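Read through the structures below before going on.
In what follows, chain A forms one complex with chain B and a second complex with chain C.
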Partner chain A sequence: MTPPASTTAFLATAPSRRSLRDIVAGGAAPLLLLPAVLFVTILLIVPTLEMMVASVQTQDVTGTIGPPLTARHFVRLVDVPLYRDVLVATLRIAIVTAFLSALVGFPVAMVIARGHPVAARCVNVIIVMPLVVSIVVRAYGWQLILANGPNGVLNVIGSWLGLGRVSVRLLYSETAVVIGSLHVFLAMMVLPLASSLARIPRRLEEAAATLGASSLRIFWKVILPLSLPGLSVGLTLVFTLTASSFVLPVILGGNKSQMIGQLLEQQATAVFDWPFSAAIAIVMVSMIFGVNGLSLWFIKRQLSAGSIGVGP
Partner chain B sequence: MRLASVDVEIRGLTKAYGSNLAVNNLSCAIGRGEMVAFLGPSGCGKTTALRMIAGLVTPTAGDIVVGGRSMAGLAVHKRNIGMLFQSYALFPHLTVAQNIAFGLQARRLPRSEIGSRVAEGMRLTRLETFADRLPSALSGGQQQRVALARALVIEPSVLLLDEPLGALDKNLREAMQLELRQIQQRLGITSIIVTHDQDEAMTLADRIVIMRNGCLEQVGAPAEVYSHPTSRFVAEFLGTANFLKGTLVDRQDDGAAVSVGGRVVRTPAAEAAQGDEVTIFVRPEDIAVSTGGEWPRSRDGHWNDAPATIDKVSFRGPVTVIHLTLDAGGPFVALLKNERVTSSAVAFQTGDKVLASWRASSSSVLRGASLSPSA
Partner chain C sequence: MSADERMKGPWAVAAYAATGLAMLFILAPILVTLALSVSDSVFVTFPPKGFTLAWYGKVLSDQNFLGSLTTSLQIATAATGITVVLGVPAAYAIVRHPFPGSGICQEIVLSPLIFPVLITGLVLVKFFAGWGMQNAFPNMILAHALVTLPYVVRTVTASLLLADRSLDEAAMTLGYNPLLTFFRVTIPQIAPGLAAGALFAFMVSLDNFPISMWLIDARTVPVPIMLFQSMSRLFDPSIAAMSSVMIVIGTLAVLCLEKLVGLRRAMTM
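So, the complex of A and B:
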């Protein structure tokens, strides 16, 4: 079959479009990717490898990093109570924040997914708004609210209520870090959760109700299982961001609640123990990857077991 | 049809959305074990009415009594109602058996009883081999059977079906209609089905409630509403209908005469008074088409013969549809059965001058010349 004359003419008059496509389809694809590949290789892959190598090497008194190979930096991180406490505190703060964000975020996500359109839009804006404000600004905002002196906003309110001049001392504690993280990262829980909830057909809840299920039962047996994909994404995001955060624990946690980010910064820029810093960084990244992997595995298992989201 | 005992009674049910009445003062009684169809075009309020019975929509006024118990103010999950949705509404994260067990678990029945009732439900709907499948691994028909089993195992006081077969293709839908009807009759469960498909309503239901603009238009057995519609709307909604407008000129106990364009047409007894504008209604299959020389049917009783011209002849397999224009004015449609033994019946051609004839008793008289324009 030969193409009609008009088609042939069109092809002849549009050589540039064809040739560009040919370049991409042909052997030029690697060439087009080269700048990005170079960028990532030089600035990410090589330094990461270097860091991994450094984490198992020794630093002598002159500060030179080299052989012999050793695992003692990793051992030290787990063995020394001070560092172990930092690891545990980091995990604790991140897990508590993720859990609380689910607790606080679920009703909010429900309003966005199921509420009156106007209410949903308003809540959505309120949740997303803080994301455009710098995290540093928000952290200082919380510092003002939680301040331990009589001028802290919470304490001022407390004294109005007759609770005494200084009724709460929250700043520079794990609680302050959790509160701050919860506020800063709540959107990361609410948005995926709301999109998951919005995908649950209303008919499922109606069917469950006609079958005799109370609202509470509908929530536990229908809504919660079907919102798991969004919930897991939210938990993962909040956990990751909290565990790896640096600004919030510095401003709100002070020295009392050291998190792994702060420890890393101290070891790298104050102590100059780079092999140990490298080990900390590797543990931090693997810890976060581990939790994310677990979460993804969980979602996949749920998806294959329940084909969530595939409604008729 | 006499109702053995009333099981569901709807009294003055009304639902207003702002100034718009979705359901307007709907009242009807449904007998125990009866299957009633709410039939009407989309937006006629039939689904809203059904959802009010389920408790998913709160009525503005009126009451629903099921088994002698008023449903007013009773939460959905306390009504003991089985409901089927067009989208099946199966729980995608639960297997077939878990879906069917859902209502039983909500009732906190003992595990052994749940097991036996689920098995019974799967047997009834021929789903035994699918117990551990997820809904996504089932076809539409199988999914709706799961939904049916799920609704039946809770032994509901009434089964509500909201366009349950609407998402299925034609052949499967017809097979499911028969299956649904058999199961419903075997269990003797009082049922209400909402549909916009008159064939489905006539196939499934003992009685049909025809609705229009939120109001009840006519209630009756399928044959009754089909043959004796009380309004032009019902006549047209249930199938093809022929109408003749005229004036009642003679009225007696056993029949009436209507003047249509100067010709007298005989009809059954009418409720209209002499001089009233009326509409005569005849179904296409009640019309015989002939050249006048030989009558294709035995002509006992009163027959009307109207001269007409054939506009179009379409062969449709079992039947031939003939579009005519009556000399007295107006289009007419006749449906002739294609029988091989008398194949000569379909020898008509466009432009033929013929007689369209019908027995007076097979027509009906609707009051008003322009009673409810076609919707």
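So, the complex of A and C:
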């Protein structure tokens, strides 16, 4: 029996009406994205491209930037000992901070992923809360703690312990910058690491334990390899954020330990050397994208090797 | 997580101990600042002496601080507004109506997040100078909107992925037009995520230093910059009190986040 004509007509038009709506919605979709994309393109992408162009141009005495094309701003950055020291110090501080954050962050992430729920919740709040406290405020706190005079909190505690009036002089040093950076960016290590650890199926460890592996061996052979995606995300984040930070080296490092961010700020606001500033900025960005790319490549390789268990 | 999946044994004790020390490390500068803000002494000295709220009184009647706080709150509110207006439709298009090229669009919209903020600031200062935009206040709003946009796009995208799409389809079948469906059906579903994203954007703007640094003028000085300038000038506990006011605002924001979506989710979205 054939259905009445009106029903077939309805059946025929219903899907086409749906798809028409989808086409309209689909056609409108780029329009919904357009304002945001334009906003970022105009304010960030295009000016960044202009900056890249400026970095290989020459600035004359009147401040006009134009040809001839040159790579001398980049050469200057690695050739002048002062600037090279800044680059090396930046890398050193960022690498040390990243490794320390892994060391300090691992037990913390374990507690979040595997600890008692109450402990996990508390630790989580304590880790996240400082993220919404301005870096300036946190650096100020560290200034009070590390202060070189007899009023610094550490020195006061030192004198209570009988170590003399001024036992440590940490403020305005590279160590102070590392301590401050570790404090500010630790959450960036702990959060991805904790979510990686939470995904490791408990059965794997139980199997390893049943087969006679010691706790240490289980850690090296099971937990550590399986936490690598989170660990590498954490290392990347801490490294890049530390390398590109400005506030912490200014407040805690003083004049002695300069990082690339301070150099950039000086060249741009005090010296007005725009092409050189642009070159510094590009070195910073490429360092960051380089490390990001490397880490992404590493995680992808791990994933495709099938060595990472996803979900229980 | 069941009780037997928790870590146990001597290693667990070690992990808890290490975590305890790490928590002390995290809290130390904040606690020291809070403690010294109520210290009854003319200079910042540790341990705090006595107890007074005089520094809060001084700070909360200080035109300099109040002016900066007002500026910061205005900038954060305006930037968050722009971010929501730009970010929500963008996230909606990305999740619900992907088209060829929407992936690249998503990358572009999220790019301010991976860009070092210091350089974003440098690029912007050059951009504003190039276009003769010399009014610090609107410039700073635009700049903050640029860096906070990814936060809203990310949280709204995550919420949309979790929302039940069939409800939207049901509403459309029952005669709602797409706009009505969006406001009456989609928005209520993603409201917690949207609120969390907006709050995050607000806090990122409020605490921003490396962007504002490039764009300040004499009248437009957000709190972080003002604090930084005061640090080399003031040696009494009033800076600790100003910092504590910011710590309290931040803590309230975190509590709201926890209430809205739960911290773990807020941080991984």
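Just so it is clear, the second predicted complex is superposed on the first by the 283 of 312 C-alpha atoms of A that agree within 3 Å, B and C clash if a C-alpha of one lies under 4 Å from a C-alpha of the other, contacts with A are read in each partner's own complex, and residues count from 1 in each chain.
Everything below uses one rule, namely that a contact is a pair of C-beta atoms (placed from the backbone, for glycine too) under 8 Å apart; a residue touches a chain by one contact, two chains touch by 3 or more.
Because the structure is a prediction, the values reported are computed rather than measured.
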Which of chain B and chain C A:Val53 touches, first, second, both or neither: neither
First, second, both or neither for A:Arg114, with chain B first and chain C second: second
Contacts of A:Val125 with chain B and chain C, given as first, second, both or neither: second
Partner chain in contact with A:Pro225 - chain B first, chain C second, else both or neither: first
A:Leu204 touches, of chain B and chain C: first, second, both or neither? first
Touched partner set for A:Val168, first chain B, second chain C, both or neither: neither
Residue contacts with chain A in the superposition, chain B compared against chain C: C
Touched partner set for A:Arg217, first chain B, second chain C, both or neither: first
Interface residues, chain C side, partner chain A - complex: 1, 5-7, 9-12, 14-16, 18-19, 22-23, 25-30, 32-33, 36, 43-47, 85-87, 89-90, 92-94, 96-99, 101-102, 105, 108-109, 111-112, 114-120, 122-127, 130, 142-143, 145-146, 149, 153, 172, 178, 203, 206-207, 209-210, 213-214, 223-224, 227-228, 231, 239-240, 243, 246-247, 250-251, 253-254, 257-258, 263-264, 266-268
Touch list for chain B against partner chain A, complex: 54-56, 75-83, 85, 87-94, 102-103, 106-107, 134-136, 140, 143, 147, 150-151, 154, 160, 167
Chain B contact footprint on chain A (complex, rising order): 201, 203-204, 206-214, 217, 221-222, 225-226, 302, 305-312
Residues of chain A touching chain C in the complex: 21, 25-26, 28-30, 32-33, 35-37, 39-41, 43-45, 47-48, 50-51, 104-105, 107-108, 110-111, 114-117, 119, 123-138, 140-145, 151-153, 156, 182-183, 186-187, 191, 195, 202, 215, 219, 240, 244-247, 251, 261, 264-265, 268-269, 274, 277, 281, 284-285, 288-289, 292
